[in-house]
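Take a look at these structures.
Here come two complexes built around chain A, the first alongside chain B, the second alongside chain C.
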Partner chain A sequence: MKTIEVPALARVEGEGGLYIGLENGKAVEIRLDIYEPPRFFEGFLHGRFLQEVPDITARICGICPVAYQMSSVFALENALGIKITPQVRMLRRLMYCGEYIESHALHIYMLQAPDLLGKESAFEVAAIAPDVVKNALRLKKIGNAILSAIGGRSVHPVNVCVGGFYQWPDSQPLKKLLPDLEWGLQTSIDCVKWAMTLPYPDLEIDYEFVALHHPDEYGVVEGEVWSSKGRKLSIKDYEKGYIEEHVKRSNALHSHTVDGSTYLVGPLARLNLNHEQLLPAAQKALKDSNLKLPLKNPYKSLIARAIELVQFYEEAIQLVKSYKPEGPAHVELKLKTGEGAGATEAPRGLLYHRYKIDDNGLVTFAKITPPTAQNLPRIEADLFALAPKIIKMPEAEATLTAEHLVRSYDPCISCATHFLKLKVEEKGK
Partner chain B sequence: MKIAVIGIGQSLRGDDAAGLDAIRKWQEKYPKTANRPEVRVVASELPGLALIDLLDDMDAAVIVDAVKSSAKPGIIHRTSPDELSAFTPDAKSAHGWGVAETLHLGRELYPTLKKLPIRLIGIETEQVAMGAGLSQNVAQAMPELCCTIEDEVQIFLGK
Partner chain C sequence: MDKNKPTVAVYKFSSCDGCQLSLLNMEDELLSLADAVDIAFFIEASRATKPGPYDIALVEGSVTTSHEIERIKEIRQDAKFLIALGTCATAGGVQALRNFADASEYAKTVYAHPEYLNYLPTATPIADHVKVDLELWGCPVNKAEVIEVIVALLNNRKPNLPTYSVCLQCKRRGTICVLVDKGIPCLGPATIAGCGALCPANGRGCYGCFGPFRDANLPALTEALQKAERYPGETMRLYRGISGNAPLFRKAADAILSTGKDTRKETK
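Up next, the complex of A and B:
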């Protein structure tokens, strides 16, 4: 029996375990194992007042706290039958721009690029190309600055509430960001060009792509849940199309469609389903790249993220320029018993929440379906597809190719896991 | 002299909240120091690479974080980034960006950060289970931890 152990899979958020079982030169078993206590937050929310929910769910992830806040407030607003004002909606989109910018800049340059450049870590990239890493940090910093200007702080912003925002952020700190945002737009356009030059491994998968779709804007908040196989569902009917199942060996839930198929959420799904809604500069970056859609190579999700970086810098500029706080920052709540679902597009993919509340506004049920749980079965299926190729490789290269695939998903395993160890086992040896 | 006093941690993960709690308790216990105009106090949950931004324009920094080595839970470590290897996880196992990795990268890239005097105060954890509060050993060390923060800040203020 042959075993390779890597202490942990580097450059993913969280920890878990990857196991590849080989027999007679074929992969017979592939598992992405999850060790963290599951669903802690769903239980933790029981009995909490609904206004505590966005601040608690923000703590599920240090990289995408806004996504957890946004899906929860939309779900709770639906439970109460509240409609937010257009201004609140715009400010929520601007917050989301900040989150996409900081999350994508991190993943593109610091987490996945080292694999494509043949480097072990971002430290090595910094040694050969310090300006690239400095640009990455500046791109990311601007995203954080948007979050700080709206949410009071960049990690776990505190201004979001059910019904809107506790208070309108001052417009001056936001307007002051415009020169930085213009720089970010240009730099992200260059990032797409650079991303097109990187050497991606060959792998084409016939995915079922699933993402929020909105006819008038790049789908991030509200809209319908669209699938590339033609399934179109309202957000409240999401669970009629997509089912979570407990997998015995894993603490995380795994999702599949009602037909029992795996599906893919995240940047590839969004770009393939929503490219017509991209803003002009992002459209142009896509066109200039000569990419053929649908993009089916999971490693090339880096390019999709780069195009989205352009999209969200461009949108942030528009939203900051048009920001004029007027009227109340939040709708007054009238508490009542209810149930509501909400979904938004986290940087890593569709994030679905559903809550039941009682007439005092206390949570009696919470369901949170993170993007990584939806992608886990898909990552395993991709590794099966990759297996015939990596079996022929030397151990170190096989390990790296498999790790790179997992990293290209940008799995936020901390949403659902802890400790990722890679173990390749040759059965019968 | 601008000094950043930064507490890092996760509020819902047992002793991992120690850095955040310590900063708040130090603010309450030493308001005269914490409220000085040259002192900037930040309680930051999982700042990751944004730690570099928190050090922008600063002349010195005191960073408080939970650490795990082989020492007894509640033990307080005082160190500087140059001595960080003791608290650096295997570089390959860096999930996310910890304090050690971030400071290492920042000091590689920015000469000003390389020169920035930084003191790190680490408190040895016992458990980081989700939803748990501070363990008894860590909770009992809080008064000493506040004194240690005050001591390190005063050393910078005296310079």
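Up next, the complex of A and C:
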């Protein structure tokens, strides 16, 4: 039996390894081994006061803490039956723009592009193309600057609360970012052009795409859960369409649709389902790229991220220009027993939370479904699809192609860990 | 330390990645850093790894499995100077909240088949297992402090890190005390400075994510916090938060329990 083994997956968030066992030219075993230990967030959220939740769930992921804060606060506001003001909603979207920008710039240039350029890291890319990496760092820095201006710091920001924000951020630091944001918009348009020139491996998968959809804007914070197979659910009915199960075969808690099939969340799903809601510059970047939608090649998630980079720079400019700290920064809370669900689009895909609270505002139940947990069965299925092709390759190339596939998902293993089980089967069984 | 390029290794234990990200978030300094040191092992950033030993090891995360106990011992053997990076590595982090509960109950809450899991009943800081040469607190660490530590090591000097509480940073930035003025419970008087006093500047109380300030007057603070509580048990929640497993915060929480002043309510 020929095997491909990558004991430590590089350039992903969190730590995991990949194992593919081949027999007679067919993949007989594929395992994405996760050695991230479980941290039991849903366990220790039990009994915490609801206003502590966004500070705690942020710690699930250092790369996308805003996503965890946002899905929590929307879910808890639904549990309390309160409505945020339009000003709060706009500032939440701006904050999300910051997170998309820093996360996508990091993934495009520092995590995935080295694979496409035949390099081991962004440091090596910097040696041959210093300007590419310098631009990447500046693109990323501007996203972090938005987060710091609103939330005090970019990793685990401190200003988000149930009901809105603790206080309105000063508008001056945000307005001062406008020239940088304009530069970022132009540079991300160039990024799409550059992304189109990169040599992606061939692989087309007939995915079921799932993403939040909003009729009036590129779906991020509210809307319906849409599937490319036509399923349309409200966020509170998410669990009627998508189920997780502790499957022994894969040693993991896998998400699947009610019909038992795998599905894909993330940039490809968003772009394919929501491209009509892109803002004009992002629309134009998409059109000029001559991309044919739906985009079905997982490696080309990079291009979808680049188009989203344009989208979120463009939206950030609009939101910064129109930002006026007016009215209360947060709605006062009236505690009552309740249950609520919330979902937002993390940079890696749909992130669903559901909580129950008692009349003291204490959490009595928490459920968190991260994007990587939903994508995990899909990653393994893609690796099976890829297997016949890669067994014909020299080992180093085969390993890299498989690894690159996993990286193109931008998996956040720290977040997904509690759905991924460590190895159960004995080796050599 | 070696005059020519010192080697640096970055490791992850149980954590969220946020402290490692603080290295990648040094947008202005990252390329200079990569010039000044040899980043020999940093798998979140690079596939290329060089074998140890390394001059500096940066360790993110806490120890939560038996495998991690073995791993940290190996890493220690390979490292000349080991830095525990962030509140998980220095105090156990948010996942150390299991230390005050029954972790197996948590496992049952979260997983359908808890019997498949491999974990320790407690999450512990790196220094519980190996000698740590320097602890850098924060959830996440302040990247300016990370740079200060690396620059200090490269120049054979002691890093200049704050030895005072968050209160002093509030005074410096002109933030009016949220506890005194608005009656908002704030852990700032008992928390080591380093974040820049972000929470009070954003109109809320500090929740201690940089860990305890050594010389804090905890009994006096507990009294003031309990008077200001906005919901039952807020003071206990503050002590048992992100840095809840840090010895001084543990001591403050235990003092509340032992004097029968725990105001927390059972969930319904």
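Points worth noting:
Criterion: the second predicted complex is superposed on the first by the 399 of 429 C-alpha atoms of A that agree within 3 Å, B and C clash if a C-alpha of one lies under 4 Å from a C-alpha of the other, contacts with A are read in each partner's own complex, and residues count from 1 in each chain.
In this text, a contact is a pair of C-beta atoms (placed from the backbone, for glycine too) under 8 Å apart; a residue touches a chain by one contact, two chains touch by 3 or more.
Note that the structure is a prediction, hence the values are computed from the model and not measured.
On the superposed chain A, the positions of chain B and chain C overlap enough to count as a clash.
Once the two complexes are laid over each other on the shared chain, residue contacts for A:Val225 go to neither chain B nor chain C.
With both structures placed on the common chain, the touch criterion links A:Tyr166 to chain C but leaves chain B unconnected.
After overlaying the two complexes on the shared chain, residue contacts for A:Ala122 are found with chain B and with chain C alike. The wider contact with chain A, measured as residues touched, comes from C rather than the other of chain B and chain C.
In the superposition on chain A, contact of A:Leu362 is made with chain C only, not with chain B. Looking at the shared chain after the overlay, A:Phe44 reaches both chain B and chain C. Of the two partner chains, both chain B and chain C are touched by A:Met110. Applying the stated contact rule after C-alpha superposition, one finds that A:Val158 touches chain C and leaves chain B untouched.
When the shared chain is aligned, no partner comes close enough to touch A:Leu80: not chain B, not chain C.
By the touch criterion defined above, A:Lys140 reaches both chain B and chain C.
Looking at chain A, you'll find residues 8, 10-15, 36-37, 40, 44, 56, 59, 62-63, 102, 106, 110, 120-123, 126, 130, 133-134, 137, 140-141, 144, 153-156, 414 touch chain B in one structure and chain C in the other.
By the touch criterion given at the top, residues 12, 14-22, 24-25, 27-28, 30-31, 34, 39, 43-48, 64-65, 67-68, 93-95, 97-98, 101, 103, 105-107, 109-113, 116-119, 123, 139-140, 195-196, 198-199, 201-204, 207, 209, 231-234, 237, 241-242, 264-265, 267-268 of chain C touch chain A in their complex. The touching residues of chain A, counted against chain C in their complex, run 8-15, 35-44, 46-49, 52, 55-56, 59-63, 65, 102, 106, 110, 114, 120-124, 126, 130, 133-134, 137-138, 140-141, 144, 151-156, 158-159, 161, 166-167, 245-246, 251, 253, 337, 358-364, 403, 412, 414, 418, 421-422, 424.
Touching chain A in their complex are the following residues of chain B: 10-12, 44-50, 52-53, 90-97, 101, 104-105, 108-109, 129-131.
Looking at the complex, you find that chain A touches chain B at residues 6-8, 10-15, 36-37, 40, 44, 56, 59, 62-63, 102, 106, 110, 120-123, 126-127, 130, 133-134, 137, 140-141, 144, 153-156, 414, 420.
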